[in-house]
Amino acid sequence: MNFASDNHYGVHPRILEGIAEANAGSAPAYGGDDWTKKAEEQLSKVFEREVRSFLVTTGTAANGLALSALTPPYGAVICHGEAHISVDECNSPEMFTGGAKILGLHGPAGKITPAMVEKTLKGFIRGEHDPKPAAVSLTNSTELGTTYSPKDVKAISSLIKPRGMKLHMDGARFANAIAGLNVSPAELTWKSGVDALSFGATKNGAMMLEAVVFFDVKLADDFIYRRMRGGQLVSKGRYLGAQMLAYLKGGLWLENAKLANGLAAQLAEGLGKFKKIRIPNPVQANEVFAVMPRALNDKLLASGAKFYDWMPDSLGKAIADDEIFVRFVLSYATPEADVRKFLALVKELHA
Amino acid sequence: MNFASDNHYGVHPRILEGIAEANAGSAPAYGGDDWTKKAEEQLSKVFEREVRSFLVTTGTAANGLALSALTPPYGAVICHGEAHISVDECNSPEMFTGGAKILGLHGPAGKITPAMVEKTLKGFIRGEHDPKPAAVSLTNSTELGTTYSPKDVKAISSLIKPRGMKLHMDGARFANAIAGLNVSPAELTWKSGVDALSFGATKNGAMMLEAVVFFDVKLADDFIYRRMRGGQLVSKGRYLGAQMLAYLKGGLWLENAKLANGLAAQLAEGLGKFKKIRIPNPVQANEVFAVMPRALNDKLLASGAKFYDWMPDSLGKAIADDEIFVRFVLSYATPEADVRKFLALVKELHA
Amino acid sequence: MNFASDNHYGVHPRILEGIAEANAGSAPAYGGDDWTKKAEEQLSKVFEREVRSFLVTTGTAANGLALSALTPPYGAVICHGEAHISVDECNSPEMFTGGAKILGLHGPAGKITPAMVEKTLKGFIRGEHDPKPAAVSLTNSTELGTTYSPKDVKAISSLIKPRGMKLHMDGARFANAIAGLNVSPAELTWKSGVDALSFGATKNGAMMLEAVVFFDVKLADDFIYRRMRGGQLVSKGRYLGAQMLAYLKGGLWLENAKLANGLAAQLAEGLGKFKKIRIPNPVQANEVFAVMPRALNDKLLASGAKFYDWMPDSLGKAIADDEIFVRFVLSYATPEADVRKFLALVKELHA
Amino acid sequence: MNFASDNHYGVHPRILEGIAEANAGSAPAYGGDDWTKKAEEQLSKVFEREVRSFLVTTGTAANGLALSALTPPYGAVICHGEAHISVDECNSPEMFTGGAKILGLHGPAGKITPAMVEKTLKGFIRGEHDPKPAAVSLTNSTELGTTYSPKDVKAISSLIKPRGMKLHMDGARFANAIAGLNVSPAELTWKSGVDALSFGATKNGAMMLEAVVFFDVKLADDFIYRRMRGGQLVSKGRYLGAQMLAYLKGGLWLENAKLANGLAAQLAEGLGKFKKIRIPNPVQANEVFAVMPRALNDKLLASGAKFYDWMPDSLGKAIADDEIFVRFVLSYATPEADVRKFLALVKELHA
């Protein structure tokens, strides 16, 4: 019963097979191989237009590198106060961008609103005493398991584009957002104004694989230099290319996301039935957040279930002292039996 | 007949098996898994003492991160003028170190000498107008297929340690150096004064794997922060740990290196017999450098052989206008038949 | 009637004289001159112990350079949300520190409290996913014209020192804090746990002059390199040394601060008598903040008075829509007549 | 007899007067004052076209900031191996540019040649493994007292412009170059392809003052942010503006440079008459380099003359063991009597 993170689960068998198949013989290094080229072509198909994409090994690197193409070092990037780039990456965006400011805003349900962005931009009135507003980064699905719809994204992009600002989407769980919203990848990104996307694969079945995808292809012009400088140009590139090919082939990426989202819905529905448990935000992807009695939490952990408590501040409302705010993450690989077993356990322990 | 790079060859089957075996079930993320822990223990065994080691995905990142622990941003790192950190990493060491100066010295046969280091240090006489001499980085085996012996390393470390400087070894081909020198990993590193090592595995049979190994363990104190900030803490860490375990198990790493070095010796011996071909430097690892007629080079390439020409300046001597300086890299996975076939081809084309 | 900034006033005549006197003949460059040496000695006298001090030209540089000695690039610096380093320096601290995180907390009256710092530190529980808590920076006097007493400073230093964190004081208006608190420079700094101080002089009568003063002298070891790298080692150093000597001589710095603080008190007292004007925070240095009717504000500006409106968020309380939050800064050089004239004007316009 | 550096001499009386005159009353801060605006206008007149200029306090900052607008962090800047940006600024260009590579080439007489630049650029054939060639920086007058003529500058700019590279001129001694070449500032800069100039004033009579001047005005678009972030936006900007106004007024800057150059010519002519002294390079500005017997050097220093020995490598030719390579710098403020006195001393000591 491991609901601690989608990172705790392994590599999807079809992706492992893809790696094994790519292993025969010799191949050009540093991304000059066929797997990488084909993976880049497939990404253009997924997004229904020509994109420029670059494979890297971690989401932190994908974010930092993408942002480095969107903001100068004297720029500011507006995001949610709990965004990965704001609080989970140990100043990595600062390193990759050369010192840009990451401005976290605390909006409800893990999302920032156009009004919040607008108010923040209105504060930038002092010329060079402030950093230059350069970009907004939206995490989709968010750190609290919610999603930005194409309409949400457009509302923000239409606000910032007239100011020359760029829009980044941290898609560490992009597949879960797509599956949850039931929209096309094109609709959620470039058709809504996204310039660059961190297209996550690791959490959703790959081994170590993310892509930086540029819709504003001009921004990609020098990106090969940035990736190399960032220590992210892997020498045996075919093993990233092969992962991506298998991940996209036959829609595996969406299949996995649907599975995970479905399990999250199932868990949320089950938990929602208990009187002492509250699900404060809509469950729109593969994460379930809940407020529950501390006593129950302790018993569940003692029974071997794995999940993390979460910063109560992110809830945005006070909880009782004897309550705790917790997170459950579902993976395509989470055994459905574990969800049922867990719900049974809650029922048993929920006095 | 691919002698272009050891990066062109695939993953050793035993390493691929190791990855597949690690794939079952769930495991803690971000290096908290058992494979990573065991890999770190095994590295201590390999080096016959307690070391602190950190797994990363590329050699460029390993170097940059290691150096960031050895030099302040206002420091200088002395290395060979053809060292990877000096000319192959697109300012990556500058990024990771926050702007340290990489000072390349042009020594013979890919090596820098104690006399060159001493002369350089004597030039640092102007206090803060110069950067602070902080470290020396030795590539072993070198970019020209030669090696630094423990005696060579000690000669340099004894020169710089009294000045408070640190010693880094770029071991992208460390296994080839060990195999070529027939010394222990301990002898070539900490017993000779090395403080930190980029322990390469990718070129020698891994998929994407390098380790930063600290012998001066104090330097490792905050390294977890550096690795995270560098975008190099992979979420599914077990796949790095599993690679390293398989790489070290039963001495696979040395076995592979011996194979590659043996093939290089075989190729060098064969090439050395042709009148129009010169092997200017000793072949001490898995690379062979040769001067040959341009006409021969062109015919060999046209016949499908793959190898690169190399900057003639790195030879340190003039070559004739109708000659070319070329590099052959041998891998454990290079078919021996390819070496024989290539030598036969040379014989045929060498008029 | 210029109350816009202490930066709008000129150089004190005695400092200008000091510069002119230093102009005769030749002198060693880059801080090797006698004026600089004597200035450094005088700073040790001012602080009643041996300090290491470094003259620079701007407060932004002083802060960035000081912080670069207190935090690694993967560190976090806690400060007030309106601190100069947080919102007025266009990512300069990020540049000088190599990308450290500046964490602004929004405390009342421009100050952060020990409880706020403690709560923040308790949030750093996720190892390298967070930056490493490295330092706290206190602005004294604060951006809202209040002061941290030695007791305030000690309360914070005693909280962070056991965690290995360092304490910085941004003393752009240090003289005003000293004058306001009527304590010794030693009491307010190293005796209360301050490790490094940006000792401001420009706002208080110098031309362009700040000093970075280290009480933890170990931290100063490599600071000459940092200052040079930061573009802050001026070639004709004597003109910084001469400014500092004149600034300290005969206690000019405190004399100026007392004058400015006195004028602020006079203005605050005067404004406090008007029914429609509120002074929300204690006036403890040379700045007066007030809430007044927008209509009055507009008339005052139209009458030629100069002062800035301030971010209403910094007040921490809502103000009415027809009110405005404004700042008045007093300088030693503000004519007292201007204060009286302004109060008369308010009286006239305050219907 | 101080020939150690032009930095050892003071501020020209007319510049000091300019500062004193600017001291009356209050003025807007941060460059909003009239002196700064007028100084910027005057610079446009000096260069016979609209330029964008930004006043800063040190040459190191001027260079680093200028370069940061010309190169991305993954770029390379080609310069002479003895250029200030290469060996005298303690990694400051690396800090300001975010880690660009400074590539020093060792050309004769302190100059790099088009052929050297061309050869270097031909080496950039490996895509992102190399940094991106971004700019060339020419120091004029050079570190060895020679000058680049407009023809020299054009030869290099015409080589690099088709590659999209930018041209920077480090004009720490720009006035001396102009005076030595007897060309107009326009001819030596934008008419010859210079995009940005570090326009030095400190060495030639100012107190602390340099300007970054952009001829490619697009490059200046965000420069106010860079200057602020670099800690170089001084609060009391009028004191930079006033220095610049006085420096330019009535051609003082050229007058000073002509004086200094004339003294250098006089010294060189005198020294050239001694059999044991050689002047290896043409004396084209305000510096004289000479090879002389060590014994003579020691006696001259013992007699109180001040001048520095110089790295013999920069001479490009071997000198005898009992010889030394030395530098004399002349300032507009060097007493002519000192030159005569020194030559008499040489005559006396030159056995």
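General observations
Letters A, B, C and D mark the chains in the order given here, with residues in each chain numbered from 1 onward.
In this section, a residue touches a chain if its C-beta (ideal position, glycine included) is under 8 Å from a C-beta of that chain, and two chains touch if they have at least 3 such contacts.
Everything quoted here is computed from the prediction, not taken from an experiment.
Same-residue interface: chain A and chain C share over half of the residue numbers found at their contact. Taking C-D and B-D together, the chain pair joined by more C-beta contacts is C-D. Chain A and chain D, compared by their mean Cα positions, are separated by 50 Å. If you average the CA atoms of chain B and of chain D, the two centres end up 41 Å from each other.
The distance from the centre of chain C to the centre of chain D, each centre being the mean of the chain's C-alpha atoms, comes to 35 Å.
Contacts with at least two other chains are made by residues 30, 73-74, 89-91, 95, 98-99, 128-129, 131-132, 225, 228-229, 233 of chain D. The part of chain D that touches chain C in the complex is made up of residues 2, 4-5, 7-11, 16, 19-20, 22-30, 56-61, 64-65, 89-92, 95-96, 202-203, 207-208, 225, 228-236, 238-239, 333.
The touching residues of chain A, when paired with chain C in their complex, are 73-76, 87-91, 94-95, 98-101, 123, 126, 128-131, 311.
Chain contact summary for the complex, chain B toward chain C: residues 30, 72-74, 98-99, 127-129, 131-132, 222, 224-229, 233.
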